[in-house]
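Going by the order they are written in, the chains are A, B and C; count residues from 1 in each one.
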Amino acid sequence: MSAASESRSFRFPRIPISAWIGLIVSGLFLFAAIFAPWVAPFGNAQIVGDVWEPISGAHWLGTDNLGRDLLSRMIFGARTTITIAAAATVLSFGLGSVLGFTAAVIGGWFDQLLSRGVDLLMSIPTLIFALVVLSVLPGTMLILILVMGILDATRVYRLARAVAVDINVMDFVEAAKLRGEGRIWVIFREILPNALSPLVAELGLRFIFAVLFLSALSFLGLGVQPPAADWGAMVKENKEGIVFGIPAALIPAAAISILAISVNLVADWVLNRTSDLKGGRGNG
Amino acid sequence: MGSPVLKLVAQRVALGVLLLFAVSVLIFAGTQILPGDVAQSILGQAATPQALANLRAQLGLNDPAYVRYFRWLAGLLHGDLGHALSNGQDIATSVGDRLKNTLFLAFWAAIVAVPLAITLGLIAVRHKDGFIDKLISATTLATISLPEFFIGYVLIYYVAVYLQWFPSVSTVYDGMSFADRMRAIALPATTLTLVVLAHMMRMTRAAILNVMQSAYIETAELKGLSPFEIIRRHAFPNAIAPIVNVVMLNLAYLVVGVVVVEVIFVYPGMGQYLVDHVAKRDIPVVQACGIIFAAVYICLNIIADIASILSNPRLRHPK
Amino acid sequence: MARTEGKTSKTGKLLEIHNLRIEATVYPPGGDPENVVIVDDVSLTLEPGKVLGLIGESGAGKSTVGLSSMGYGRGGVRITGGKVILNGRDILKDRPGLRKLRGNEVCYVAQSAAAAFNPAHRLMRQVVEASVKHGVCSRAEAERRAVALFRELSLPDPEHIGERFPHQVSGGQLQRVMTAMALCSQPDLIVFDEPTTALDVTTQIDVLAAIKKAIRDTGVAALYITHDLAVVAQVSDDIMVLRHGKKVEYGATQQIIGEPKEEYTRALVSVHHIAHEEKKPAPQPLLLVKNVTASYGGGTVKVLKNVSVDINAGQTLAVVGESGSGKSTLARAITGLLPPSEGSISFEGRTLPPRLAGRSKEDLRQLQMIYQMADVAMNPRQTVGTIIGRPLQFYFGMRGRERKERVLELLDKIEMGKGFLDRYPAELSGGQKQRVCIARSLAAKPKLIICDEVTSALDPLVANGILKLLLELQKEENVAYLFITHDLATVKSIADSIAVMYRGEVVRYGPKSEVLKPPFDAYTDLLLSSVPQMQVGWLEKAISGRRMEAAGN
């Protein structure tokens, strides 16, 4: 096929419009999160007006249940939400993929022990288990990250192990073993480069899950504790207004949705791009 | 029905029971990692040492953890879930009504969601790669990303507050007429449906596509069968197991989604009950609710597995 | 039996294809969709009761041409030009009518019957489905006919085999049931799409004979699609050779295999002729396999039973057998991947540790391996340069320029230029991939290379090139081969000694000339007589002279 010769000349990867939208919107949220104190017009806890003021020139998104500027709180909330979700994702990824790879390559009792443990953890719905644990532990940022990261690591573990097991039985890995290569070479030079693409796509999905999970916990009042607030907690703060026709709670809820959709669009594109390529260049 | 199938099913059920025991250990252990103890958290920091000691003795906290676990487990097996710390009520009595409410809500959400998801999945497969398929795919991709409370509050804001079609708070009580009850759960059931619909539809589509791409479907096509006959005679018998699997997995997901939805609509179910008592650090209630949710979840997963065992002709008709 | 009367066109032709053109849209990853022409300007005619063989390598478009007679395009291919006239009607003009034609006038037999049967239904229900659907006859009548066909195709227990499910029947039998399914509705034409390719040779010959008999007895016409010229020569009246979607040569079977006109056809006909002189056995063997027994699952399944063979330096031992004979397991035992439970393996006079982990780097270097599927034998994320260079670095510590020069030298040996240095495996053709694998094993400067079915995934001409290369390299490097194959034709062209394996045991072993000289044992006789020969009438002779039932059944 002519694709072989074509792919030899370097081409800028074609990015579909949906992925562009996803990239730009996610970038925007990230920017707001990083530069929150400089971007936000008011302070996070600063009371600047009446309770639930409507949208105006002074307060672009109105004010919240205590009369704080909603836009400013949204921007600071982005910081909290993205920081905790990202940290939990990094933790779940690091833990899940390292253990998954090791289990696949070593096999035997190590694999059995880990895999059965993960089966057990996954047989309890994540939210329920988190609620059980949070009933005794304080809702600090560190605890949240640990609970979310460890519970979600089970999913990453399953994926990483499955991918690595598939690659581990391929002839090129056997060829490396027959050559006499050590375990480190086999994991890092033969298996890892081939397992990267599915894992990268999964990274986006796990981040979305972390954002939604954190928001749910905070919404239930068990996540981020006041006065700090992530978007889920802001929905909780303003939810009483809904029945009076005040839409303030919908704004953080919509922000969560938009962030999740944007990352999903990017992840979907990465997934499609990597699933139909067997290897070679252009999709490291 | 051959014996290997019975054996496999029995194995699966036994595994489920074993898993349930393991889960009970895990849930019990999960509530023991508290730095302080229950007595302290009930009485607060100002409690006198004497009062603490009395309460500890009363609650049996001086026994080692495993003794308390087996006492709790024995209670569970006799249907005794203990008493709530916060108000001293019998948990089993409180849970009874709430569990009924939750199952009522989940049942009606499932009644709407399952046929809808399968129909949409079939439509997407029928028009694969066409406009309708892409539209459905894009919509579901977006829906998957929506948190339950976004869907819930948008519905409350527009349908309950603005249009005033349904109540914004789903109050249910004993002696309520069926019609009133349905009216009360209309919005939470819709929210739950929307939450699971996307997942279920995507997975159904993938399951049917997988079957439709098999060589025997081509054989049927080359026999001159009509599309309807191909689906009814050749695709359906093979697609039913994966679809049942999809449905069960999503019902399990629905059971969890119920927690947030009940809080949004202030619906008196298990989820609301659990969340309230997590905030109060009322550990016996949390343990009881946790084990009930886990049991429902595990049962649905077992049903999914058994369905796929039963529908596999290789297992039903061994060589 | 066939209802040809009154349905054929005035010209007396059953099927006429004129200037057929078939296109498809492909979606290269990351690029724009492209239109590719799969079949270009192909014409053929078929008279009632005749058999036309369509032959070509993978990608020649032979299945696509065959399916066009049913107006069917697999995987979104489109018939964009030409006419397909069946029984006097242009079937492409009558799209809704296609459904009445499929399974009625034209039936299809797929390559993999195991996948083509619905796993959820009993065989009989599927066999009679088309007849009942098209109202050819009642269900009871169709079932009677199916049983008669099962008997005709020499299936065991013809009365009751229809009550079984597909997974309860062996591959060779399933292929015959599928033929019965095609014949059941008494079609005018059957499209056979590589019906015997997935089968072992000894099973293939039975299925082939059954198909041929059924075609003769029912008077049905057939399009017989295959990549194996020797197979098609047994069943067809005419042969069309296809390449890259175009016609190469079209004529009577005798003419095509006897006096081919085109260069490509000549190459296909003479593909198995490689001159190779048998070498004399040396007094001191390089590798000595002594009474090796090995099993999977902790001794429960014995896959090798008391196997003893040896290989001389610079010579080739071919291990021949069908699936399940244990030939690949022998390779795993020798490499240490599956340590034998009994027996020993010695190399250059010293006994090798049974486990891979126990062997020295030098032992590993001396013994290299080449795999059947070249595309999974190379890491898709490494370039050709890295793949060939790694053993150089690993065994000899070569780096930088020295290593690169040696890699280029090796590329030159396998007849590939330095332009391939930076290519990834996905950018190579099947034959090129296998060459790179050969270069990788040569880089270690081994004394022995185990070749596990290295040519069976390749098209015949490409496979031929690989075999010639291997022989040449043997002369240059004095390397020995342990050549594992199911293909006796390959064995004849490259082996010095042969071991025939059957159910985990070596049933015949010795220098090539002796192994291939009668009198044979029953299994070797069966195996040898099952290899299709490039001559008309071979099948009948082979069947009549057989002394043992096919191993697969």
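By our rule, a contact is a pair of C-beta atoms (placed from the backbone, for glycine too) under 8 Å apart; a residue touches a chain by one contact, two chains touch by 3 or more.
The structure presented is a predicted model; accordingly, all values stated were derived computationally and were not measured.
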Decide which interface, A-B or B-C, involves more C-beta pairs in contact, and give its chain pair. A-B
Find the chain most remote from chain B, comparing centres computed as mean CA coordinates. C
Chain A to chain C, mean C-alpha position gap in Å, rounds to 47
With chain centres defined as C-alpha means, what is the inter-centre distance between chain B and chain C in Å? 50
Cα centre of chain A to Cα centre of chain B, whole Å, reads 23
Residue ranges of chain A in contact with chain B within the complex: 119-121, 123-129, 131-137, 208, 212, 215-216, 219-222, 232, 235, 239, 242-245, 247, 249-250, 253-254, 256-257, 260-261, 263-265, 268
Residues on chain B engaged by chain A in the complex (per definition of touch): 19, 22-23, 26-27, 30-34, 141-142, 144-150, 153-154, 156-157, 160-162, 168-169, 252, 255-256, 259-260, 263-264, 274-275, 277-279, 281-283, 286-287, 289-290, 293-294, 297-298, 301
In their shared complex, at which residues does chain A touch chain C? 1-8, 11, 13-14, 170-172, 174-181, 189-190, 193-194, 273, 276-282
Complex contact set, residues of chain B against chain C: 214-216, 218-226, 229, 233-234, 237-238, 313-314, 317, 319
Residues on chain C engaged by chain B in the complex (per definition of touch): 70, 72, 74, 98-104, 107-108, 110, 112, 115-121, 126, 129-130, 133-134, 164-165, 167-168
